[in-house]
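Below: a set of structures, written as structure tokens.
Note that subunit A is present in both complexes that follow, paired respectively with subunit B and with subunit C.
Moving on, here comes the complex of A and B:
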């Protein structure tokens, strides 16, 4: 049963025939799919299926040997991570990658780094336009902090926070960039039911309120089937399924990949 | 009392100079998590470059270096473009990637023309210092491009070993092109001692003017750097890069650009240290060993703290002078035999050892808590 039947006409990003290998290990083989503007797209698959590698290609950490990625109508075969960020792709990581020595506030502020434009001199003097800019961005960051309900840990160094909250701060940092495409690598891994529910709510709210397109990797099938509009399934680096949750549930290849087949 | 103050002030002023070297280490450690063993060698190189510009002994070599830099920069730019598909078009938002190259071309151009124009007379100071800065920026670019970039995402210890390599390379290279003699450096800082507070203490307090100017220069530099790191967007980006490379890239911080900036700033700090120390001791190979003195300073202050480097330097400078003067008398009073002299040579290291045992993060360092 899918609660959300929505249609998305416009393609934001499309992956065409991507292949990626590390030496002899083929992480991805000839993968194609698209992400449409405004949807929540899930990538699922057993461990080692190449899901994170796929995100890393989109985000520019990995450069696939073959194939290309078209983002906002521009086709490219390679992109550096900071360029991806400049063009509105933000992400979180499977193993949380926060700046552990910095406070929650500073971590989320780094997400706005790209949007700050005042010159070095003004910044060094810390007045005039730089000060105004800092205040303006600070306001935006406080809005995100309110949204994620993490006011109480604003000044805490993130290294000291529990896992669930760290995940939330990481989401905050990605949101601070005001992304068009948000990549979430297992945002609910290692969380208890309550934390998972919170995280689901945040993901749906981000999608609804800001219209952000979301591509997420998740292992919890209940969550995936509930919140995503379309699902792509990978196994051993190959695509074995693509469609709305109801189709995926009935897909034989997917069922056998997850449950195994008797030979 | 007057004598005590004299020892204390002398020690503090020397300490400021230690801080100056330690600062270079802190900058790079903060921004890349690398302990840069080459900082001492960079001080030597900056000093030699400056001395050679002011009082050239091989002007023919400078012609060669200047023209060579120009030709190499232009050729490099062409080759790079051809390799990347033969286009000179700069992608929007991408110009910073080319900036190091443009700086290298600019430096080569300016350096080449000035080397030709300068003749055998040597350059005035106002020209020589920017040129020496250009040399250090070029070093930063080379280090980023040929050493750090291929080692991205490697363990800290591997980067550390790489900086050991850089040390030996810079030592050998700079002495090959600049010569290995001891050169006096005179940038107009007075060396005459002055007597302070003559009305308060009998005979006043003897202070070396050079140490005072050194302290003022260091103070200005530190204030500038502190503001740069704490208050600016780039400062926050630097701290982010030090913490996590992948995460920093994902929020749009270009790693290579940040490393280039940091190594350039460290090069400029090395130049300042070279000016102050060189005025005191002359520019010579032993400046490399300043790196060793900076180590206990860092352990005291914490590897990640700019104020820590200052306080650590002051503590060690003052501590070792006071220990040198007062320990023998103290041990004679307590134990009956006077401790032999030469205490200032080991005092810093013993103090560092004590800190490593009881407060390994230093006075101001961040305490890293790792969850398992």
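Moving on, here comes the complex of A and C:
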């Protein structure tokens, strides 16, 4: 049941014939799809289908052996993770990758690190440009903290926070970078229904208010079908379906991948 | 009851970002610093200033440097003794070869040379981590121990290998008496500690901590590991190098390479582990623990022995002092593995609520 029918003419990122293998294990085989500007794109598939590997290719963490990725009209072969970050790709992780010893505030401030430019000397003095920059970014970060409703845990070390809040802080850190493309790896894994609802609301709001393009991996079919504009389905490293949720629901190959077929 | 921040509202981000956001802390720290500058010189004996305050402060500064690397950036180093030596010998060579340079500049240049060498020895950290990195930095320790012992140029070809610090002239002020030495060291340590604190709370500090806590995630949000790690090595070695120059010039006066042997590296590493990794306060507590406790034990043991009717000779005292010192290290690590600084923050948390249980 897709309530929102929206159209997205402009392609932000396109993946062409990507193949990735680890030794003899083929994680991805000849995958092509695109992510359009402003949409919420979901990648689904059974365990081990290659979804996370796909995200890792997009943000430069893995280097596929074949194929190419075109982002904002620029085709690239190899790219380092921090270069992807510099070009506006941010992500969260399946198993939370926060900086456990730092407070919520510091974690989200780290997300803005690419935009902070003052030199070591000014920072050591904590005067002039360094101080102004720190305050200016603090203001932005406080907006994100308000948005995610985590004011009360601002100064708490994230290692002490419960799982659901950690996921939210991680989303905040990714948002702090002000990304154009946000990759979310199972943002709702392990959450109860209320936490899932909250997280869905955040994802939709980010997409609506900031106009951020979102590519997410999710296992909860209800969530995927409700919030995503288009869905890619992977199975054993191959693409078996691509389209709007209603099409995906009727796709034979997808149904058999998820439910199994009788031979 | 006394330590409560109720009613202290922050109305600006800069007030919230202050080093001591709580008024009581600010007052206490100001009082301590004021007492250290104004009161200590008048009440302390020369022995106390020379053998306790000055070395503790310099060791604390070196510990601050090492803590930036180990505690904040998570890169284990066993080469801090070597970097102290580099700072000391570089400052010495600047001072004797370019006599026009003011002393303070030589000391700072010693730190700069140490920072450059630190960056070089930090390069392995881009590939290796943890214990393996510790072994790689150990190479720096052995190499420089050897270099300063064997290469005569660094010691200006003094036959004994022992060199004398130049006269301590700071812009016309001759640092001579114990009080002057103490004030000189205290001033520098205060300034450098403030700089270090600013760095670790600024965005480079966050980069270091991000690398420490999870380097892969740090890279994915756009932190370049090379810059973060090498800048930590540079800043850390700079602080350690300056501390080394002070140790040689102000504390020792004349020294040989043995002063900066691997024992010094271990002493600093233990100081920050006991004091608290990733805490500036911890550096001071740890340095005080490592330097003052053995001296205290040496002094306190004989009278204690007399109490139970046992006259200890010197050797027995030093044996016992080492044993008790070791036992205390283990005791503190078991009670609070995160160091004295964490112990202090727990005390503060309790003080906020006192006299109520919660």
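Just so it is clear, the second predicted complex is superposed on the first by the 263 of 263 C-alpha atoms of A that agree within 3 Å, B and C clash if a C-alpha of one lies under 4 Å from a C-alpha of the other, contacts with A are read in each partner's own complex, and residues count from 1 in each chain.
Here, contacts are C-beta pairs under 8 Å (C-beta built on N, C-alpha and C of every residue); 3 or more make two chains touch, one makes a residue touch a chain.
Here the structure is a predicted model, which is why all the values come from computation and not from measurement.
Following the overlay on subunit A, a clash is recorded for the pair subunit B and subunit C.
When the shared chain is aligned, subunit B and subunit C each come close enough to touch A:110.
In the superposition on chain A, contact of A:36 is made with neither subunit B nor subunit C.
By the document's definition of touching, neither partner reaches A:168: not subunit B, not subunit C.
Contacts of A:230 after superposition on the shared chain: neither subunit B nor subunit C is touched. Once the two complexes are laid over each other on the shared chain, residue contacts for A:239 go to neither subunit B nor subunit C.
Once the two complexes are laid over each other on the shared chain, residue contacts for A:135 go to subunit C alone; subunit B is not touched. By the document's definition of touching, neither partner reaches A:51: not subunit B, not subunit C. Where the contact sets of subunit A with subunit B and with subunit C meet, they give residues 59, 61, 80-82, 85-86, 90-91, 93, 97-102, 106, 109-111, 113-114, 116, 118, 120, 123-124, 126, 173-174, 177. Put simply, subunit C touches subunit A in their complex at residues 13-14, 17, 195-196, 198-199, 201-204, 206-207, 209-210, 212-214, 216-224, 231, 235, 278. Contact residues on subunit B toward subunit A in their complex (touch as defined above): 93-94, 224, 227-228, 231-234, 236-237, 239-240, 242-244, 246-255, 304, 366, 368-371. If you check the complex, the residues on subunit A that touch subunit C are 59, 61, 80-82, 84-86, 90-91, 93, 97-102, 106, 109-114, 116, 118, 120, 123-126, 130-131, 133-135, 138-139, 142, 173-174, 177.
Subunit A makes touch with subunit B in their complex at residues 59, 61, 80-83, 85-86, 90-91, 93, 97-102, 106, 109-111, 113-114, 116, 118, 120, 123-124, 126, 159-160, 173-174, 177.
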